[in-house]
Structure formats: C-alpha cells, structure tokens
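Common to both upcoming complexes is chain A, partnered first by chain B, then by chain C.
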Partner chain A sequence: MKKRFAKLISLALVGVMSAGVLAGCGNSNDTASAAKDGVKIGVLVADVSGEEALGFRNYYEEYIQNNYDVTFEYTDALESAEDEKAAIEKFASKGYDAIISLSSSDRAQQIETCEEYGVYYAIASGVLDDEQYEQYKGYEHFVGQIGPSNETEFEAGKAMGEYYKEQGISTVAIYGAFIPNPMHVYRAAGIIAGLGDTYGGTDDMNGMIGQIFGDQAVDPSKIEGDVEVVAYLQGYGDTTTDELNAAIQKAPEAFLSVGMATTFFAQTLAQNDIQFADIDSFTEMNLDSMTNGTLTYLAGKYSSSIGPVFALVMNAVNGNVIRDNDGNAVSLSQGYLVATDVDSFNEYYVTDNGDTPIFDKESLDTIIGDAVTYDDVKALVESK
Partner chain B sequence: MSTLKKIIHSLAIPVLVAAILEGLCLTQGQNIITNAKSFDNFVVYTAIVMITTMALSINLNSGRFDFSLGSMAALSSVIGAEITYSALAGGKGSAVMMLIVTVAVGCLLGLISGAIYVALRLPPIITSLGVTLIYEGILYTITGGKYLMKEVQNSSMSAFANTWVYAFIIILVVLIFMVVVFEKTTFGYDYAALKSGQKVSINTGINEVKNALICYGICGALMGLVGFLNAARNTTINGGQLNFGSIAIMFTAFLPMFIGGYISQYCNEKMGFLLAAVCMSLLNSTFAVFSNQVTASMQSIINAVLLVVFLIYLNNINVIKRLFKR
Partner chain C sequence: MSKLKKFKNTQMLIATLPLVALIALFFIFCGVIQTYGYRLDIYLQIVFNEAVVLAVVATGAIFIYTLGTFDISLGASTLFAATLGVTVYNKTESLALMILVLFATGIACSLFNSVLASVFNIPAFVTTVAMMSVLSAIASQIITTDGGALGGISIPSSVVEPYSGIGFKAMLLIIYIAVCFYVFQLTKTGRRMKFIGGNPLCASLTGIKANKYTIIAFTMAGIGVGLGAFLTLTYTPSVTTQTASSIGMNIFIAIVFGGMPISGGPRSKIYAALVGGFSYMLLNDILEIVIDSSAAYGITQVISALFFMAVVYITSMNYRTQALPR
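Presenting the complex of A and B:
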C-alpha cells in the first residue's frame, strides 16, 4: 500500500514537472497565429520590458491589429544574432509573410536570412549604416527602413549633452544601454560631444563612434573635457544594480542615458535625488518621472512612429513593393521630439495615446494600397 | 583554544580583508564605505549573501546539492509581488506584505522541491535541476519573459531599500532563527546526527524524510527572503530566467560558504557565514570604488579567481603550514 502510494505520488510529480516544463516552453502569443488568416507579421525584439518597446508593442497589437487584417507575433527577448536567425527561420517555417525588426544584433544576417526564405523584411527601429544600406538596398525582400538615421541619433545625444552643459552641470554618469548596438553608440558619442568633451582626443562623430565600436563600450578614461564623466555603465543583468549603485555613490549631478534608463533606473535615481535624461518614448511612466521632477530631459518618439513601416510591409505583402526614385529599398529618417517639462511632454503624450495615435488608420490608409508611391510615404513620414 | 584566541581567529579574515581593500581604495583617495548610500548598499548586500549562503549550506552540508535555490528566489518574489500588487496596488504596507507572502511562497516552493526529492528518490542534483526548470518555466509563464517593474516600484519598497536598518534587522532575525532552529531544537539535533552518519541516525529512529522536508522548507523560506531583498534592491525582477538562468543567484554563495566554513572552526558556523558575507560585501563595495576601472566581467573573473585560490588554500593547508614551519 505504502509503495503504491509512493508510486502514485511519483507519477503525479512527474506529471506536474512535465506540465511545468511545457508551460515554460510556451509562447504567450501562440494563440495569435491561429486567430486570424490575414497577413502574418513576425516582430523581432531584443527588449521586451522597456517603456519604448512596450509602447511600440501596444500600438501594433492593440491598435493596428484591431484596425487591419493582420496578426503580429512577437519573439521573446532576442539576445544574439543566432537567436535572431532562429526566430526568422521559425517565422518562415510557419508561413509568415513578413518580418519587422526591432532587434539589431546583426541586421545584415537578418536581411540575408529573410532573402533566403523569401520573407519580406523591414527595419522599424534604428537603421543600417551607409555601407550596409548600399549593400542590401537592392535585395528583393528588403522592403526598407524608417526610423532615426545614425546622424539623427548622434544629434539627439548631442542635444541632450548640450542641454546639461548649458545648465552648468559639471559631473555626469552615462548609461550606454546596449552598446555596441549602433543606435546606442551614436547616441553615446553625441552625448559626449554635446557635453563639450572629447573621446580619445576627438569630438568628430566618425572618430568617436569608430573608437566606441572598437572598445565595445565607452571607456571613461578616454573622455576629456570640462564636464567630468564620473561613472559609466551599460547593459542590464545581474551586476547592473551594483554598477548603478557605484555610479550613484560618485554623486553625479545628472544621469544621462542613451535609452531604457526610464524603465530600469527611474525609481532608484528618484530615491537618490539624481536628475536624469533619456532617449525613449512618451509614455505614462515617463510622464510620472517628469512630473516628480527626476526626469528632466526626454528625447522621444511617438509610439506610433512605427506605423509607416507597417504600411510598407502591408503594401509589399499585397504586391506593391515600394521603391525609392532610384529603385532601391525605402530609407527614411525620423526625428526626435524633446520634452524638458510636463507641459511639453503632455503635448506629445496626449496626441499619441491609445486609440488616437499620430499614425492612425486614417493617415496610414493614405499610404496603404496598390497605387501608393514612395513620394506618398515620404510625404506622410515627413509631415509628422 | 581560549575564547580570546577564538575571537581573534574568527575576525582575522574579515579584518585582513577590510585592511587590504581599504588600502586599495586609499590609492584612489577613497574609502570602502564612501557615504551613507554605500553603507546602505553594504548592509543590504551582506544580508543577501549571508542568507543565500545559509540556504545553500543547509542541504549541501547533508550531501544534497540544490540547484533550485535561485529559481525559488525568483519565482517566490514574482508571486509575492503579483499578489501584493493585486491587493494593495503599490500602496502603503506593500513591502511588509510582499515580504511575508514571498517568504511563505518560498517555504512552499521549498517543500514541493523537497517532496519531489523524497518521492522520486533520485539523486538530489537531478531532481533539483528538474525543479529549477519547472520553477523557471512557471516564472516565465507568469511574466511572459518581461521584467516585473510596476509591481515592485513603489514608495513602500523604496523606503525599505533606502536604509540599512531593515536589512540589519533581517540579518539579526535570520541569524538568531538559524542558530536556535539548527542548534537548540530536536530537529537541529537530528539534522546534525544525519549529517554525521545517516545510516546510524536512521537506525536510532530519526525520521530522515521529515528532516529533509523541513530543511527544504527552511531553504525555500530563506530564498524567498533573498528574492524579496533582491527585488527591493534592484527595483525589478527578471521574469525571463529560462534554461537555468536563475542559478547565478545561488553561485554568489559559494565563495562565502567556503570562507564561512573555514571561519567556523573558531566560532559558530552561522556566525562564520555572516563574517564571510561581510567579506564579500566589502569586496563588492571596493568594486564600486573601482567601477570605472574594473568592469562587471572583470569582477566576475576576480570572484572566480578568489574562489579557486581559496579552495587551493583549503586543500593544501597542511602543506602550507609545513612550509612555514621549516
């Protein structure tokens, strides 16, 4: 009797164990693919928790999905080029029509993989560098890229640095997010230049980013100038709290971030009365931080800024692969909006919220269709 | 050995570590503890390391290697945070409620882990790996792989993490609890007997299964406490820890466990763990001073090298003593 009971318990526990493991392997979005038969788009993401990422996701899954015959399936957090490749292969095997990329471990490999599997591909956050764009602009399945150009990223960082220099700040800490992600490299270089400092003896954009790519990080010992960078940290993981605490112990007058600080560090920085700046989105959490006075500078994008990329993809899937006037994949740059107080923040936040995004159905419908041209898309993107 | 000698020997390592690290910091014109904030960090980190070390040692001392400690900490803190947020929405008393719920859930998770070990009768290293995968799977299912933030970012949690006082109280309570339970109760006597000689102990009538279950329960509760402290300190909980990603939480305790074990030749074992945790926290604070020179990856390497060096020392202590006698 006792043995039988033990066996039963063993079987039950093995069952629970198997169920648990299977539950863990599941994807919360698996139901989505079975829900509709329309266009199916896979979205590559590296960040699943950041304010900007959540804003983007909410726009696609809540607004676009409800207004168009489309299904989005998001990946889990992709941590490497191998993960990105595997995710594209998975989408391709499931018959997905297109991939929109918000992940940038290896964009070249993403394009090559999509080309290999015949899946349309577009970039919704960050852009290829000039050399890469030249190489891939003629690929059949590369639809295009719409987002801040690398120069725009540099200028966004530079404007942030200049703002704090004008405020008379003399010590800062810098958060490099996911350097060597190109977008973050350009922003970090811009911040250093904006502060009036040099990196490795230069304040030239190309000179700085070349060194940062080489270092795979910002090396504080290479920064020279009037504004002292007392601490630098990057990435997010087990040691981040220690690194952040170390930065706070050095008592910087401002904490300047190239992205995601508003998500991860807002509370800790608020606890320590350290003002901070970030390049992110106009979201509720950021509004809270700006209202309580700790977030003093935000260069942001609308959460719906990824709407035009969706339009490009829809057109391609429906047979209208839009090319620029030279017959190449579309490449358009978007700028940043800057808020330094609650009023300016609200101006952007309220106009791009929930059911009334800037790129709403009415505006997107003007660039979705068989007769839509490159000039139509360009005109709409530049109008916002 | 006289009491005075015991005290001197017990404090030798922490004092030596403090002296060396302070000397290093002085080369930068700073101290290990630079300000009030760094002292807060020092005490909170000491609490985390001490409790993790104690949790790890409970089963390891009895020959049960438990890989699931990290997953217990992560899962219990996520469940604790979710329940607390659904009840109080981040309002007053959130920290206290989360602390209680997380410890209770941790205890339950520990008991389940123990029950699986007892029922399956497989080597503990195997069952604990399975349990880790289950708990990480459940964690991922609850969070969708995202970081939990709004659930743990509130004024109550903030107040808890912003002072050394609460962490200090937790250190004292855990220390007293562990000493009493493991050295002054029947369970503790049985535990010590089983540790020394399992077969003989069972033949004398000690219930091994009951003892193991209580050990796992206490381990779970302690890791729940670690999960809570980590959540308060980090202001986030990583919900995407799959494929043994949570094991790192446990590995922070290896070096202090060996150091604590060495110190415990001269004092109470639990006190040894506290002193070892103080050493680790001093090292962590020193890394903060050198944060612009010593990157996170270099810190990991330094920790690993220290562990290996200390193990080499422990395994060759007699050889070293002979060398010095010549």
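Presenting the complex of A and C:
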C-alpha cells in the first residue's frame, strides 16, 4: 500500500514539475512578439512541409520580418474549418492585427470570423470563387486576395500537358496529389486538356472539373485521346508508394504532377530515369532535380510572390485599406513562371533567393504607404 | 487505521484525481494565458467550443464503453450526420428538418452498428472500423460533389447564429449530461449495463438480455452524435471531409482522462467524458501555447501521449487490486 502511495505521489510531483517547466520554458518568439510594438500577423497554413510552403515561410520569417517592423506567427497544419476558426480566434485573443491565409478549408468562415473579431484578413494562396468574392468583397476587414485563380491553375496544367504533347510523348503517368483539393482538380483537368485528351467525353474546363470532383479522383478509363495515361495516383503514404511502383512498371515516358512530386517522388523517379513535371516553386530541391535532368518542366511560383499580400495587410493595419476602383476588396490574379531547363530555372531561383527576392524591400516600399492606391499595387503585381 | 479503511481512502483519492487534475489544469491554463498575453475571455470560449462537442459525443459513448465494447466510428457518424443535415437544409431551408435529420442519422448509424454487433455477433472492432470507412467515404462523396471548388458544403451562418452562444451550448450540454446521468446512475437500465460490462456471463445467467441493453447504449450514443453534429454546425456552419475527424480517437483519451477504465463495467462513470474532454482540451491548449511548434512538429502530441500514459497508470491503480469493485 505504502509503495503504491509513494508511486502515486512521485507521479503527481512529476506531473506538477512538468507543468511548471512547460509553463516556464515557453516560446521565445512569442515572448518577444508580445513585447514588440510592431505589426503582428498570424498565418494560417494547411501544408507545413511542402517545398512551396517552406519557401513562403522562409520569405516572411527571414526576409520580411528582418526588413519591417512585423512579427509573423504560423499555425500548425490546419485540417478542418473548425481548426481554422479556432486558430483565428487564438490570434485575435492575443491581439494580432491581421491574418494572412494559406489554408482553404472554409475561406468564407475565415472572413466572417475575422470580421467578427475586427482583424484584417487577406488570402495569399488561391482565390475565392466568383460567387464568394461577390458576397464578401465589401467586408470591412477583408483586405483582398492575390494569387492564381482557378482558371490560372487550369491554364498552368494545360500548358504543362501541351509542352509534353509537343515533345512527342505518347504515354504519361499523372499524379493528382490531394484531389479533391480544388486547386489540384483544376490543374489535373488542365493537364488532360493540354495533352489533347478528353475526360468523360469533354475537354471543357467546367465539364471536366465537375466530373473529377464527382469521381474524387481522375479515372484513367474516362480519358481518351492521342496521349495515353498509363497510370494515375493521388494522395501520399504506403498505398501511394505501391501505386508509384506500379506506375513505374508501366514505363511512362513522363510523370506529370499537379504538385509536390519533388517532395514525395523525385528520388524514386530519378532512380528509374523517368522525367517528371511539377507545379511547385523555385527551390533548391527542385533545382537539384532539374540539374540532374529528371525534372524537365516546372511551373512555379517564386517564394516572394506573397509579398504584395503582405503590403496590402501592412497598409490596412496602418490605416490605408486599399480598395479597387469600385470600392471593393482587392482581387488580383498571379500567373506561373515556367522553367524547362537549368538556365531558365536559375533566372527565377537566383533572383528570388535569400536576400534578393523578386518582391524585395525596395519594390514593396513602393506599395506600402498612406498614399498607395489600387492601381499602384496592380501595376507592381502585373510587372513581375 | 485498518487496512480496509486505508484501501478505501486510497481509492477515494485516486477517484477524485481526474477532477483535481481538471481544476489544476484550469489554473495552469489561466496562468499560461496571462503569462503569454492572450485574452482569457476569448480563449475560454475557444476551449469550451473545442471541448463541448467531444464531451457530448464521448458522454454518449460511455454507454457503449460501459458494456465492455466500443465504437470507433463515432467521429465518422458525426461527420455523416452533419453532411446530411447540411444537405437537407440546403434543399428545404428548414432548420427543424435539419435538426431532425442530424439526430435521426446519428441514431440510425449507431443502431446499425448495434444490430451488427448484437444480432449478428460481429465483433464491434470489425463493424465500427468498417462503418468508419463507409460513412467517411459517403460523406466525402457528398461533400466533394456538392461542394465542388469550394471544397466543402455549408449553410448560411445566420441560420445557426442564434444558437452559437456559449450560454445556449452550455445549456444543451447540461441537459444532455443530466439525462445521461439519470439513465446511467438512477435507473435499472444503467445498473444492468454496468453488470453486463463487468461480467456478461453472470448478467446473462441472471436473465439480463444483453442485446436489449446494447441497443439502448448505442441509441444513447447516437443521440450524442446528433447533438455533437448540431454543436459542430453552430461553431462552423460548414462541413469539409476533415470535420470531426479527430473525435473518434479523442473519445478514448477523454474517457481515460476522466478516470474511467476502457474495459467498462461497474467502475464506469458517466461524468468521465465531461471531465476528461475538458482536461484534454485544456492540456492541448496549454502545450500549444508554451511549446514552439515550429521547433519540433508533433512535440505537443508526444507530451500529450506521456501525460496520457501517466494518467492511465494512476487511474488503473484503482482497479489493479484483488478486491471486487465497491
């Protein structure tokens, strides 16, 4: 009895000490940010490990934070609309000035929650669909959205498909990543259209994406046309690894991915000498793949492409809430840059790397200020 | 002091530990919130909203766990009920019909499991794992087909806004817990469930029909699922494929944190899910605030797991004895 009681007391003490240590150790960044008077921005993220996500994070935390009086705090990977709302409420409870969203479970809910707590909100990856934008464009705290539209995602996939068709490729494997994620659905539909194929008898964008949403995947049996899709896989995990091996056995001439192929499959594809294409960003890992000849096509965003959204947010926090010419929240579409060899890749990679991003302090300063207008922002975004 | 008295005192001490832990976690939480400069009023609402759905669904699940069985598909059932509820609202614009569908779906899913388990004698582990996959797949199909490029389906937030206040949710929670407490503690049904969970053979020999109580237990859990789905929609009036995805596993944790053995039987406590659910969410939020997540992804889960094992060890002292439960 005594022995058990002693164990109980010792465990309780360990628990109390652990709690004390945890409460004391803390996050030095949090403490610093609490003491700092600068602008505090929370960033909602769903992807915390992809090449593109890491590039974005590095730009905000290493470059922007060092050049402006601002503190960024990132969430953990948000999986649902409930997670997103709770994350916004947590930022609001700490007095954050604004939220930048890279997470898209329920953007409408994000906007409404930010409006409720009086926190400025902007979208840095993807955009609202037309109906949602119409509904929320007049919200006081919705600053705007700058990123590829769904049509742009479709066109990016289509350009990739067309490139390989022009190269004379006759068999491909397609990786659909996280379909039914809308961004990936649009890209996959674009690839099929670009290859000159049809899906379920149509090559119309809306007709194709409607079917893919319904199928929750690309069904290779519904693809018809000149270029044969010999294998299709999506998701990631043990099953996908098996499916990748099965796809490799079918010896496709190219492996076309709607995203994150470098993160997941680059090594295996290189070992099997299969060229691949991806929609990702200009990062060191992708440069390695392009240098060794495996990655032959990359439609990418550069890491600093999220700079103008930061500028919109900074202006709003400082009292200059920029509106378009109709008085609505800013909505600008950004396209992708395409590299098909090391030289073109380096053109974007080197100029957007480290201390010299494409949207550097000098260019951002031209759209941060009390007198900045919508036309200034639009002109800068379209110039890059 | 006699050995029996010492034994009883130790048992009582251990039995109160979950509540003591909840109170301790609450004060640590308040201290952490103050230290890190968060607003306590907003953060308390966040914790309540996170915990209330778990507490409700897990309280219903206690009836199932008491019988010595379990249901891992409750999270998927919540998602499925919410999906059908939103779909029905969007077709009819009737809130009453939506609420009816939420509860009917929750109970139907649960009853289907109970029929498979009690009538066809298929192990609950097999049926509920299968149901989890089936319900998630059907819900995902509806969500992605109807949601399209939005990635989810939703109802206008104005529909559930009148019910999104903490006061209303707390009232629902209290009513549901009170009903469950009555059935569990003050009726023959509750006592027989504990008997079946403790010793099914003895229960059967005394003329208790396990099938009947299995159906009642799953029905109570189904009501919890329906209420959980409604509370989920009052927080975020949209449903994505990941809605309520963590509930299935969190029910285990909440029940254990609340001091109830997963094996069920006479030591089952109806308040375990309430105490455990709130303790778990407080612990999660404390860890989330004090640990720099960017330094090591998943570290909060590792520490939660260590706490979980410590709690299981402490609470199991209560029933790792030679004595019969009293």
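A few notes on this one:
The definition used in the following text is that the second predicted complex is superposed on the first by the 347 of 384 C-alpha atoms of A that agree within 3 Å, B and C clash if a C-alpha of one lies under 4 Å from a C-alpha of the other, contacts with A are read in each partner's own complex, and residues count from 1 in each chain.
Quick note on the criterion: contacts are C-beta pairs under 8 Å (C-beta built on N, C-alpha and C of every residue); 3 or more make two chains touch, one makes a residue touch a chain.
Here the structure is a predicted model, which is why all the values come from computation and not from measurement.
Touch criterion met: A:F213 reaches chain C, while chain B stays clear of it. In the superposition on chain A, A:D76 contacts both chain B and chain C.
Once chain A of one complex is fitted onto chain A of the other, the partner contacts of A:A92 are limited to chain C, with no touch recorded for chain B.
Residue contacts after overlaying the shared chain place A:Q267 against chain B, while chain C stays out of touching range.
In the superposed model, A:S221 makes contact with chain B only, not with chain C. By the touch criterion stated above, A:D129 is placed in contact with chain C alone, chain B being left untouched. Once the two complexes are overlaid on the shared chain, A:V48 sits against chain B and chain C alike.
Looking at the shared chain after the overlay, A:A159 reaches neither chain B nor chain C. Across the two superposed structures, the residue set of chain A contacted by chain B and also by chain C is 14, 16, 22-23, 25-26, 28, 48, 76.
Against chain B, in their complex, chain A makes its touches with residues 6, 9-10, 13-14, 16-17, 20-26, 28, 48-49, 76-77, 217, 220-221, 230-233, 235, 237-243, 245-251, 263-268, 270-272, 285.
Contact residues on chain B toward chain A in their complex (touch as defined above): 34-35, 37-38, 41, 115-116, 119-120, 130-131, 133-141, 144-147, 149-150, 153, 158, 161-162, 233-236, 240, 242, 248, 284, 287-289, 291-292, 295-296, 299-300. Residue ranges of chain C in contact with chain A, taken from their complex: 3, 6-7, 10, 13-14, 24, 28, 31-32, 35-39, 42-43, 45-46, 49-50, 140-141, 144-145, 147-152, 154, 157, 232, 235-245, 286-294, 297, 303, 307, 310, 313-314, 317.
The touching residues of chain A, when paired with chain C in their complex, are 1, 4-5, 7-8, 11-12, 14-16, 18-19, 22-23, 25-31, 34, 48, 74, 76, 79-83, 85-86, 89-90, 92-95, 104-106, 108-109, 112, 117, 129, 132, 150, 180-182, 185-186, 209-210, 213-214, 216.
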